[in-house]
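Next up: some structures, all given as structure tokens.
You will see two complexes here that share chain A, one where it goes with chain B and one where it goes with chain C.
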Partner chain A sequence: MKYIGLLSVFVTGFLLMYAVLDFPAWGDPNSPASTHLSDHYITKTLEETGVPNLVTAVLADYRGFDTMLETSVVFVAGIAILGILRKRSSTTVPIKKSGRLRTASPEPDLIIRTTSRLLLPAIQLFALYVIAHGHHSPGGGFQGGVILAASLILVALSFSLRSAMLKAGERLMIILGNVGIYIYAGVGVLCLLSFANFLDYSALDWLYPGDAVRARYHSMLVVEIGVAFTVGSVLFLIYAALSSKGAMRRGL
Partner chain B sequence: MAELIELMMTRLNYWIYIVLMMIGLYAMISKNNLMKKLIGMSIFQTAIMLFYVSIGVKNNATIPILEHHGHDETGGHGAEAATHGAAEVGHAVSEAAHTAKDVILAADYDNPLPHVLMLTAIVVGVATLGVAMAVVLKIHDRYGTIEENEILEKVKL
Partner chain C sequence: MIWQFDLLILILLVLTAIVSLKVRDLLSAAMIFGVYSFLMCLLWAEMGAVDVAFTEAAVGAGLSTVFMIATIHRTTRRSRD
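Here is the complex of A and B:
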């Protein structure tokens, strides 16, 4: 099996390398991928949507359907993981609802605890900045949502999974994941109710101050917030389910 | 020979993506451990991301974030006013000084499309990798191993 695998890998690799010879030159601005639609995005985006970050504009506006369904894929993946792994434990340990974060080990590591306690607000604030500033700098809903999930995973790693679940419970995370997709699809339905196509944000100019260009600009922010809700909550759910083998009680 | 070396140097990213992809493919085909297969799949995925981002590169271009928006105190409204101004004159060179730098050339910015595709692919890749790992965990629960040949033996029994 190993030799067959090695042989097939070499054959495939040789064919791919042979195909590279037909590729357009490196960094060619007139390569097929960089003409046609891409030119339109680069030259017209600011005029049509007012967003300087082209990636955000293409993600949330021009390719809105794609992004909405990708977000749904993330959510469905989270639900699938819960469906595969989730175990209902009959002996539910009562969780003490004290406000402080607790550690699982009897001798908590003071340095790790203190450092993560100091870092947490900064990480979460940075996540909100990345979401909200995605129009003007690298960032957006996906990136900010991942940073939010990472801050929750930091709690789970440095304290315990249970103290993270106290702050961000399973039920809350599923609801937030739903809410994100509802926000995204809701914007699309609002467009439909405004007698325009699904996710055609320019029809929402009655909702925001400013004209149709501003409406696209603001709708993108709303949509990105929806994406951040879903991605942040679902990625934390995935971590919690995988690290505790579905019991959601004791993690790594 | 010199031509070949030049070809390799100018298309280095394409060669690297193929090498990475083949490493991933080999791991998927010939590794016995399911977790190692998943790692191979992840490497394969990363190679495709490298490939896509390499496609979007243009010489002497910068990241796809426009530099031409309003830095005045009105903030974003400057961009709006500027774009409307540009629309009115129909991209012609106007007498106003500020429209000269508002002309956006496609050659100045990298292709944003591959970046968008890979941005979503990375996050969705993490989620689907999570599903695969959940399945592996379940297999481990059921059979007590994640080695492929041992699982096959236990399935036959």
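Here is the complex of A and C:
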């Protein structure tokens, strides 16, 4: 069995190395990326989409399909982790005290509670800023969602997992994860219904004020909000499942 | 691009990578891995890829370290078999 694994690793590695030979040479001036692709993005992005941040424009518009499926991958990964770790709380065996690295004190510390109370609004406001301002500055749905999940994890660490789960329950988080992908794919379906290609935002100019360029600009924001929903909720669920051995009751 | 700064970060990157593999204690390995991610984030920011640096800081240095520590906290010191 071990040798089959080794053999499959070597075969896959060889195939990957073989596929690399088809790539253009490093720094090749005649490769498509150097001749017209990069130039197009750098010079045309602002007039085509109205978004100053090229990275966001490429991620959410030019390669929107890629980002949509990436978001689905995050969601499926979260569901898979839950499927492996999650167990009914009645069947969990009590954890032996001697086996733990250290036992957490049952009552959270006053200084930690007060500090995290002060920090939480700032962190969540920053997350919303990162999502909404992803067009103009670094950031976007993915990073903003991660920061949102981090703020929920801060609640779980400084108070208890239970108090975080009271605000952001398991059922709600799974629904929000679904809603994120529905928002993203829904924008694509709306484009289809407007007689254009899937995720061709310029067809949505009837939905927003302004012309087709503004429609692409606004649709990117909608799509980023969907990504943030999925990433934020799924990452918090993964943390909750990992830190409570899947029982979702007592965290660290 | 300041090459002295680059060189320093790259040396530290290799060092932290080797140390996080070699160190026996899993908790310190996870912490050193967080340091590695943060150095990587510095390198991205220094090369001008601010979006990637942001993601690396949020996901690599932040959440994945928390995930690893949460998992290690739920393991036992000795294996049972």
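The rule we apply is simple: the second predicted complex is superposed on the first by the 199 of 252 C-alpha atoms of A that agree within 3 Å, B and C clash if a C-alpha of one lies under 4 Å from a C-alpha of the other, contacts with A are read in each partner's own complex, and residues count from 1 in each chain.
Everything below uses one rule, namely that a contact is a pair of C-beta atoms (placed from the backbone, for glycine too) under 8 Å apart; a residue touches a chain by one contact, two chains touch by 3 or more.
Keep in mind it's a predicted model, so treat the numbers as computed, not measured.
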Contacts of A:Val73 with chain B and chain C, given as first, second, both or neither: first
Contacts of A:Ile153 with chain B and chain C, given as first, second, both or neither: second
First, second, both or neither for A:Thr43, with chain B first and chain C second: first
Contacts of A:Lys245 with chain B and chain C, given as first, second, both or neither: both
Which of chain B and chain C A:Val55 touches, first, second, both or neither: both
Touching partner for A:Leu235 - first (chain B), second (chain C), both, neither: both
Touched partner set for A:Tyr201, first chain B, second chain C, both or neither: neither
Partner chain(s) touched by A:Pro138 [first = chain B, second = chain C, both, neither]: both
Shared contact residues on chain A - chain B and chain C: 53, 55, 138, 140, 142-143, 146, 235, 238, 242, 245
Touch list for chain A against partner chain B, complex: 1-2, 4-6, 8-10, 12-13, 16-17, 20-21, 23, 25-29, 31, 33-34, 37-39, 41-43, 45-47, 50, 52-55, 57-59, 63, 66-67, 70, 73-74, 77-78, 80-81, 84-85, 136-138, 140, 142-143, 145-146, 210-211, 213-214, 217, 231, 234-235, 238, 241-242, 245-246
Complex contact set, residues of chain A against chain C: 53, 55-56, 99-101, 130, 138-140, 142-143, 146-147, 149-150, 153, 235, 238-239, 242-243, 245, 251-252
Complex contacts: residues of chain C adjacent to chain A: 27, 50-51, 53-55, 58-59, 62-63, 66-67, 70-77
Complex interface listing, chain B residues touching chain A: 7, 10-11, 13-15, 18-19, 21-22, 25-26, 29-30, 55-59, 61, 63-69, 76, 79-80, 83, 86-87, 104-109, 111-116, 119-120, 122-124, 126-128, 130-131, 133-135, 137-138, 141
